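Quick one: the structure is below, and I'll ask about it shortly.
By letter and in written order, the chains are A, B, C and D; residue numbering begins at 1 in each of them.
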Amino acid sequence: MRQNIKRLILLMHCPDQKGIIAAVTNFINSRNGNITYIDQYVDRLNGAFFMRVAIESMNNSINFNTFKSDFVKEFSSSLNLKCNFYQEDKLPKLGVFVSKYDHCLYDILTQQRSGKLKCEIPFILSNHIDLEYIATQFDIPFYHVPITKETKQEAEIEQLRILTKHKIDCIVLARYMQIVSKNLIDVYPSKIINIHHSFLPAFPGAKPYHSAFERGVKIIGATSHYVTEILDSGPIIEQDIARVSHEHEVLDLINRGQDLERIVLLRGLKLHCDRKIMVYNNKTIVFT
Amino acid sequence: MRQNIKRLILLMHCPDQKGIIAAVTNFINSRNGNITYIDQYVDRLNGAFFMRVAIESMNNSINFNTFKSDFVKEFSSSLNLKCNFYQEDKLPKLGVFVSKYDHCLYDILTQQRSGKLKCEIPFILSNHIDLEYIATQFDIPFYHVPITKETKQEAEIEQLRILTKHKIDCIVLARYMQIVSKNLIDVYPSKIINIHHSFLPAFPGAKPYHSAFERGVKIIGATSHYVTEILDSGPIIEQDIARVSHEHEVLDLINRGQDLERIVLLRGLKLHCDRKIMVYNNKTIVFT
Amino acid sequence: MRQNIKRLILLMHCPDQKGIIAAVTNFINSRNGNITYIDQYVDRLNGAFFMRVAIESMNNSINFNTFKSDFVKEFSSSLNLKCNFYQEDKLPKLGVFVSKYDHCLYDILTQQRSGKLKCEIPFILSNHIDLEYIATQFDIPFYHVPITKETKQEAEIEQLRILTKHKIDCIVLARYMQIVSKNLIDVYPSKIINIHHSFLPAFPGAKPYHSAFERGVKIIGATSHYVTEILDSGPIIEQDIARVSHEHEVLDLINRGQDLERIVLLRGLKLHCDRKIMVYNNKTIVFT
Amino acid sequence: MRQNIKRLILLMHCPDQKGIIAAVTNFINSRNGNITYIDQYVDRLNGAFFMRVAIESMNNSINFNTFKSDFVKEFSSSLNLKCNFYQEDKLPKLGVFVSKYDHCLYDILTQQRSGKLKCEIPFILSNHIDLEYIATQFDIPFYHVPITKETKQEAEIEQLRILTKHKIDCIVLARYMQIVSKNLIDVYPSKIINIHHSFLPAFPGAKPYHSAFERGVKIIGATSHYVTEILDSGPIIEQDIARVSHEHEVLDLINRGQDLERIVLLRGLKLHCDRKIMVYNNKTIVFT
């Protein structure tokens, strides 16, 4: 079957070596691909090469499956290359996990509806029912999966069942407030995005605004990152900050911080959904 | 002897209570003082009241010493008040400590010469001689006080001798790279300003740019703060940040960071020299 | 009838003169008012004094009407003072005008629902029906008032009817895209807030992102301001910016800009609804 | 004569067409060049392709002159390409024009001395003698070329003589305060860098801080740009901003602005000296 594609995103990395760009661009040219974006990055410390290429098929003349398998055949051993291809018209399916805070959830839903956040949202999942009304407002299925210390394991099995059923590509923890366990992380490596309400690595863990207030900082921050097994230590995607002063009490920090949280999470999500991020050695390479 | 003053800065704090502002402004009005600036802050958590007032003497009609002693007599017990008065025309004397980096030193000297940093700089002191030529360039006495593990105690005695000789009011550690000991801190409480080349409390201690690179942060920062006995944990005066990306190696972070360091240190110094900072509970109240 | 109030906001201005703060704080103290916030600003160029005071009634012991009339009696002629009192528990009624863009509207509605934007929203009004579904989603009355060159006058009469019917205190033009006429502005002086999608005074008028692209700026901005008769020239409330580069085409500027627009409009709205803004000589004094 | 080079910077542009990157990287590879940096930009609106490449000569095996002429021969007609090569070890010669403000001058000199601003500074030129002492301080020749309405033409002839004598590559107007005429601009196209003390295109011309104060903006800015015949309208290199409030009088804006000016000018200068800027259609393409 012939697959008609419009635009293909290639994310690749390999050991740094001479002639990679020429080789890859030659290949794409020879297959009638039109390169509309190309950016590369060389990690000299680790001798690693990274590239993002956007390829347009002229007159839909590229057969995606053939192109992809030929590309892998050509380069996977010769360049020792690892790559991922994404069709731009196949939107990633995003599972949204929330708890009781509505600000990040509202931003995700409204930006997705406006077409700014390019993904599908098959469901919202929460350990509480407080935000179910927003799911209803936006006509999205809502799963209530309560979690207690005792039921955590069962709850995660239920979560995995829901995620699998909806063929979820990535998960966003939109102020989910629960620690996600290894079982889930292993199934979605570099595919679970969290928003932490501090400028990591400052103030990891619980109640960062209280700690920021205690320390008397003049700037607060928020950090979106991929979730790994070590709490608040995964690859950082995006960060931003806001000025505060001695006049701000904890509640003021929380209020100012929530504006940061929604913006920083959304930026991270957009970068992920637009296939602009590669993860390497617990860091992100972000092609902008 | 009658003291002719133009402008007086009052920094005061006391337990929060009704009628403080009225009482203090009534007093100043009754003594022919003209209030050209007044700002107050109430720390509700600790029930503490803070105020900064700039008082102009009309036709130099205020006797500073009388005014001050009357003020203290009136309020020190009735309001349980602590206060400091500063004459705006008496510039603070700033002792500058450096090591080998020139960027903060250059900024301090050029801004002082331009009249933006309102202080006197009686000397520059360093444990190395690398920057002596800059002292010469700006015609400022330079003291070379080398420090080794063995000679640290003697070196500090020498430093104290120099500081005392020049009647220094405050000290700036302009990338001094040495840990200042309790002996010095006790003599200059909340009067030693350091620039730390990270966004505290992230990355305290040595080599913060290396740590920031390791962690893959997307924003770096700098922090000016008062020095206390606990390393990099004193009251924060000012912070600022700069965006970085995966493309920046450690050296790039260092270069970008140095621009931050000089700006954040200078802002902190200016605030201090302009008598705009009060310290309370290891935090700063900054009247801007 | 005795009015039980919790918290009263006073915004006042008068010619600058000695003893204002003492007089006003003395008055409030003598009436059992507890000052929980006080900030003042002196415009030396124009010799004008501005103050914002938050007054708590202890045990609800203040009769608002008496307090207010006594205050006016005491000071309006002696200080030549103008003042406005607001009860914190009486939320301002905000009329929301939109056209076809949803991003600002969504932000206003979700932040109001979360309790961050402290106002009532009696209706949404638009010259198009595109966003009616959002009004439905949030269960808010929607008025469709189409405007053509010919019907502009009638449309404005209809708008005024709706505004009056709902006892609207202030209006937000949330990317309304229509020029509001003198008729409306005269009824709501310093009470109509607009978001302009540029860093005013750069790029006033239509299509600012196109102009910014043409000029090759490295930073774009957004400005929330009060509407006056002269287009995009009213008192500026809040501005913010985002970095752009040569890589960004007009559409990229629009997308980046929309995040700015919603944040800058929201900040302006919050300041207005929290009674933190005074307008004077086509500028805003913002007490933060 | 064989020229031993370490690193070569190539800036090129041509009509956008398929296979450029492959062709150019193939050429460099075939001549033993090692590409250590490559970045490209396609201006789709104008169908123009831009690229910056850093090429290392392995074991100094590249003859620069041959390489360059072969490159031009190969591509200038086939790709209709325009290019410039720069040897990284040949520092550009920067002529510094000042008037009476010292802040930008100090920053340029100290950063050049620290090795951060990679250029030579053969002289400082001014229409006043106020800053001669700084030239002396840094041991740099100082030319005093006074300018009056009547002597402007002669003064410019003298300036050109000095510029030619010192084989100047580019000029920085470090708050020079004089309008540079077409005669000079024609000799140094896209090679004269100015700092304008506003966020262009807002407030072009004289006294922008006064205008910003008048307008009541909440953010001020500075802009470094190439000088063209139309005042303050040349290609923008870099911009940055600082927050201000109603409390800031004109003098406060000037003081805050000067910190912006020196930073924004320095960033622009560094980009220029590091050969990271291309100019096209009155805009800059900045490779970072």
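Quick note on the criterion: contacts are C-beta pairs under 8 Å (C-beta built on N, C-alpha and C of every residue); 3 or more make two chains touch, one makes a residue touch a chain.
In this text, all values refer to a predicted model and were calculated from it rather than measured experimentally.
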Looking at where chain A touches chain C, is over half of the residue numbers used by both copies, so same, or under half, so different?
same
Taking each chain's centre as the mean of its C-alpha atoms, give the chain farthest from chain C.
D
So the centre of each chain is just the mean of its C-alpha atoms; given that, what is the distance between chain B and chain C in Å?
38
Can you work out the whole-Å distance between the CA centroids of chain A and chain C?
36
Distance-wise, how many Å sit between the C-alpha centres of chain A and chain B, to the nearest whole number?
42
Going by the contact rule already set, what residues in chain B reach two or more other chains?
none
Within the complex, chain C is touched by chain A residues 102-103, 106-107, 110-111, 113-114, 116, 137-138, 255, 258-259, 263, 266
Chain B residues touching chain A - in the complex, by the definition given at the top
41, 43-45, 199-203, 215-219, 221, 235-241, 245-247, 249, 282-286, 288
Note which residues of chain B are touching chain C in the complex, please.
18-19, 21-22, 25-26, 29, 34-36, 38-40, 42
